[in-house]
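What follows is a single structure, and I will ask about it in a moment.
Chain nomenclature is as follows: A, B, C, D and E, assigned in order of appearance, with residue numbering initiated at 1 for each chain independently.
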Amino acid sequence: MSIDAKLVGARDVHVHYGEAHVLRGVSLTIRAGEAIGLLGRNGMGKSTLIRTLMGHLRASRGRIEIRGQDGARMRPDRVARSGIAYVPEGRAIFGNLSVRENLMVAARPGTGGRDDWPLPRILDTFPRLGERLDHGGQQLSGGEQQMLAIGRALSTNPDVLILDEATEGLAPRIVQEIWRIIGTIRATGIASLIVDRNFRTVLANTDRVVVLEKGLVVLEDRSAALAAQPVELARRLGV
Amino acid sequence: AQTGKLKVGFMLPYSGTYAALGNAIENGFRLYVNERGGKLGGREIEYVKVDDESQPAKGADNINTLIKRDNVDVVVGTVHSGVAMAMAKVAKETGTLLVIPNAGAVAVTGPMCATNIFRTSFSNWQPGYAMGVVAAERGHKKVMTITWKYAAGDESVGGFKEGFEKGGGQVIKELTLPFPNVEFQALLTEIAAAKPDAVYTFFAGGGAVKFVKDYAAAGLNKTIPLYGAGFLTDGTLEAQGDSAQGLLTTLHYGDGLTVPKDKSFRAAYAAAYKMQPDVYAVQGYDAAQLLGIGLSAVKGDFSKKPDLYKAMAAAKIDSPRGAFTLGKNHNPVQDIYLRRVEGKENKVIGVAVKARADPGSGCTM
Amino acid sequence: MSARARLAAPLVVTAAFAAFPLLVTGFYLEFTTKVMILAIFALSLELLVGATGLVSLGHAAYFGIAAYATLLLSPQYTAANFFWLLPATMVCAAIYALAVGALSLRTKGVYFIMVTLAFAQMAYYVFHDTPLGGGTDGIYLNVKPAVAIAGWTIVDLGNPRTYYYVVFGCLVLVFAFLAILLESRFGRALAGIKSNEQRMRAAGFPTFWYKLAAFTLAGALAGLSGFLVAVKDGFVNPEMLSWHESGAVLLMLILGGMGRLSGAVLGAFAFALLQLFFQWEVVFGNFAQHWQLLLGGTIIASVAFMPQGLIGLPAQLRAWRSRRAARARDA
Amino acid sequence: MDFATFLVQCLNAVQYGLLLFLVASGLTLIFGIMGVINLAHGSFYMIGAYLAFSLAPVFGGAFLPTLAAGLVLAVIFGYLLEWLFISYLYERDHLQQVLMTYGLILVFEELRSILVGNDVHGVPVPGWLSGSIQLGDLMAYPVYRLVISGVCLAVAALLYFVIARTRLGMMVRAGGSNREMVQSLGIDIKFLYRVVFAAGVALAVLAGMIAAPVSSVYPGMGAQVLIVCFVVVVIGGIGSVRGAFLAALLVGIVDTFGKVLFPQVAGITIYLLMAAILLWRPEGLFRQG
Amino acid sequence: MPERRDVLLRARGVSRRFGGLTAVSDVSLDLAEGEIHAVIGTNGAGKSTLINVLAGEIAITSGSVELLGADVTTWSQPKRARAGLGRSYQRTTIFPRFTVFENCRMTAQARWPVPWNWWTAAGNCPMSNAAAAEALEKTGLAGLESRIAGALSHGEKRQLEIAMCLATHPKVLLLDEPLAGMGPEETERMLGLLAGLKAGRAVLLVEHDMDAVFRVSDRITVMVNGSVIASGAPPAVRADPEVQTAYLGEVHVD
């Protein structure tokens, strides 16, 4: 795999919810091994973009590409099988499955048979889950559920990891841990698309940042470059 | 005099458990009318049908559909007793002629009886009583009964008890199970443990098939004779197979009757519908006869209701089951036959009680 | 839609119904009477299912209990007084509803469905297996209740046209009562409970009591329809309490469209008319015997193509049209 | 009741309970785990019984080939049915499933009436299983009934294993909790549900085919069994195979002894049982998970 | 010891067990009027469970709770709520099919329920309307009143969650991660709101955003594995080495 291979691409994507025009022509590319931050205020369309990439929402206009194939008509499970894992906002863990089952249900080798994230490694990363392996997902605390959602995504050994507010509700120590893991993931060549409210940390841990406002990309640059112009960024994010 | 077509409304079950019975009744009725060139009492007959679904809750609406929308002159129906009760109520109020070709609810020709309500079948009491008499004659002393916990079962068992105890026997236990439950095993075990001289039962349709098979499978048929009201083995023999062989039942009809009318009826029915008639077909046929007799008496003039009803009440019906008349309460006064299952037939082996009328208690007409 | 237009439709419908008996007599009059009673029954369930989110599969119990009460409370050979018989039957239904509600409201979701079913079956078997109400064969009402004040008979319930207006009046009253009730704070609280009970409790609503009140009220209203049916037919049978009846009225709601009162009424009419139509020999000849096939097919098709029920059809068409327009715009 | 009778009654109870489980097992799958309220389940049971009746002549009355053929048909049938009628209902209000499956009941019953007629039929017990065992001097117990119990036990064990222990089972359960997320993890939930639905139908058909020789075949047989099955699933706790199994046995016991000891109230005993259990444990004996 | 203000909610020895797991173990704390009392701690430490127990949502295993001077240990949740206890949820619990405004009005109604008045439309209750409008204004949702709540973005839903809680005018507020899911702008607004809220009220704040916690809270309690390991004024807690290893890690709060 060449290092700048395009894994996921969106070109001029428009999305409607009924009458509401939520994405108004967004373009975004995720290349192998690249970490991208997606920022924007509440309700600007970040999650909508992600759900469109995953195939849960249909773009009314524009083109989605998943590994060079037309993604617009791909079902979400096909998208996921092309090596894209997703941690949704709100976690969506399976409450009626135990922690162990949550981690096993979708576990599979990644593309090329990679198996970087076997169960023991996930449990090493989140020891808290190890203590609660046989508990029902419903019984976990909010943060534990969040860890479980991330662990579950990793269990599919993805090439692209999409994290929508994955650190929400996690203790600072765990957040640091997660960012460390994202770092590790980056190092192993897994690409990531990260939505997170802590834009400073995002800037520090990604290659590139895209800022959405009212369904449009209003700012896109290398993270290092953006970090150097905090005023513009702060204005866009409303700080 | 009226000359237009006379409208007959069939309110019968065309779907669900009793659908086959509904069709047989209709076939029997039509056969008689067709034999007379499609006319009764000189009036051409026209039919309207309503599926009563064996649903008492819809009974009043369904018969109203026939009477008020389709303007039928006569209603013929039905199989299910609860539905028949609802029909009788409406018939009584509207004064519409109702001929019941099956439902055996005692009340319809008891407290509910009316000048415009007739039955050409039986009351649940009749076959039960007859079997009670037979069981006593056969020397049984202690008998158990088993049936579904519903009106028809209670009435049939009541009749049996009356006939049996009159003959000196004793019903030691009345077993029931909720309708339409068909899990009999527990009660069969009770029977096996109590070892009565015999068992009397009232079941019909799918329940009858299953009960007879279960009874045989438990080996009880070898030690404790099973007696039943005729529905136990009517229309069910093919399904019951070997397990029903030799069973004794009582009914107002059976195979191998020596009645000449029966021979011609059977031949005609078989020719018309490519299948053998059953008791339900006979009852339908007789319903048509009864109506025909009445209509002839008034020369097709349906407006002469009192004369019509008087003629019908006094009718002597040349039934395939053997001629019968109606009692004061408009229920057949008829011979009840004792029958034995042989092969696929309910062979008549004798008359259990002769010209037996239903007591019709409660009927003030 | 302007406020006036919104008011126009119900007024036209009400006027049409009021004028109906002047044009039609006999079967269709009685049929419409019967369906209006069913509509009241459906409305009472709508209060539970549509408004409160409590799916009861035992609603026929209250309907049947009131019907039985009508007969059992009526004297044998004289007419009962309408003005005390009606409340008395409704109270009978409400008391059973209160008892069932108090127990079954402890459970949720499918469990609630099944528990209400179980209690209805219990009532069913009480009438089915005991001679209390004539067993399986049911019992008759000898004399219809008299609408009389101090011995003066005001209207004769035996007259179909009069009875039509009585039922129609009840339907309008129940509809209006529920329409106002559901907009009141009590009604909105029920809506909140349906949507998110946890949050309602956290806000300070004693939700159990609200639900119990709704459950009892729905039982009483179902009792009203049971009373009306018993007086109309003069015959009751345990099958009135069977789960088929409970299921049928639930189907009316779903078919009509849940969450709107008019959906319940529409559903009752649609269900009854479809059944009548498919059973009609004049149209379907001998195939009318297989009316259930046609009814089943229609139901399947309506679920497939009308997810919001009949009442949601206009909105669905509008959405479809605007989507098509949007697509045309984009292209 | 003497002791011997009591033992035989226990046997009756267990045997009835096992049969109930067999019928309810398909329901557990479709209703408990997939979350589809399938009123048509009783119809599948009826279809199974009628298949046993109609297919037997085709295979010259040979039992096992008939069974196999019936199951194959059932799977195909269930698969198509899910695709045509159920697949787009998951995202909708659950009550729509009630309406849809009710429509299916009407259609199935009527098609049955048109195709096979309304007569009651018997299906012979296969010759090699037709013996019976004498229990004391009390009564004979048909071997076939014991075989049925064996089959029920096997189905129970298999079902438990698949649902609780395999990846497939986990996926199905996960789908019941959050369909969208299951898809996001790369699992083809549509296909999976289609297969599970087909399996549920096959189980009901299997129950119908196996029960046919002892229960006979008659119109409306499906409706009767449906409610009892719902009771079993609910008592057991929705989504739990283990619970359904225990509940089936419990219902068998209560029903059997209810009939014998309290015939007057036999109709309501199982409903009393259900109400009592749900008031004690509002989520059934075993809640899912 | 700083000057003591009125204690509005007092918890003594509160414990809650789930089977073998003790989620909250012998926690005592006081919420005083005019104070924001933060409860922080590792994931699964029992913070949400503590809120649930205090609010009466789940039963207490042992211990007692006192609200505005009354012993409410055996009171149901709605009763405590009517007595002035408001809470928000960690996982959004709104009425998804209603408009944003109706969401708030619905909870506001709890203070003027009059269920027997069935003839007056709920929309005609001026008090609830005013309370709802005020809550929306404060939380920055003004302008979104007529949107359907289920169609809001995640962050907007979180804002609504708080607004619904405020609409009941509680005296004691239990907030479970009110900042989760909010962007920087909304976080700022919420912190301002919190600071303004505490006048006349007691606020319990569970939050993982340490910047925020140390900025607004007057008192901090730290929980680990169900037990309190530290409690006191923010600077003291921040300096506590045990808290640092167990929870804060290498975060440097400035």
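The rule is simple: a residue touches a chain if its C-beta (ideal position, glycine included) is under 8 Å from a C-beta of that chain, and two chains touch if they have at least 3 such contacts.
All of these numbers come straight from a predicted model, not from anything done at the bench.
Both subunit A and subunit C are touched by D, E.
Listed by label, the chains touching subunit A and subunit B alike are C, D. Averaged C-alpha coordinates put the centre of subunit B at 35 Å from the centre of subunit D.
The mean-CA centres of subunit C and subunit E are about 43 angstrom from one another, to the nearest whole unit. Distance from the subunit D centre to the subunit E centre is 48 Å, each centre being the mean of its Cα atoms. Residues of subunit B in contact with at least two other chains: 15, 149, 178. Among the residues of subunit E, none is in touch with two or more other chains. Shown for subunit D are the residues in touch with two or more other chains, namely 109-110, 113, 267. Taken together, the chains touch in the following pairs: A-C, A-D, A-E, B-C, B-D, C-D, C-E.
The part of subunit E that touches subunit C in the complex is made up of residues 55, 57, 76-79, 81-82, 86-87, 89, 93-98, 102, 105-107, 109-123, 125, 164, 168.
Listed in rising order, the residues of subunit C touching subunit E in the complex are 180-181, 183-189, 191-192, 195-196, 198-207, 210, 213. Only residues 14, 16, 18-19, 60-61 of subunit A touch subunit C when the two sit together in their complex. Those residues of subunit E whose C-beta lies close enough to touch subunit A in the complex are 18, 41-49, 90-92, 151-156, 159, 177, 180-188, 208, 210, 246-251. On the side of subunit D, the complex with subunit C involves touching residues 37, 39, 85, 88-89, 92-93, 95-96, 98-100, 102-107, 109-111, 113-114, 227, 230-231, 234, 238, 264-265, 267-268, 271-272, 274-275, 278-279, 282-284.
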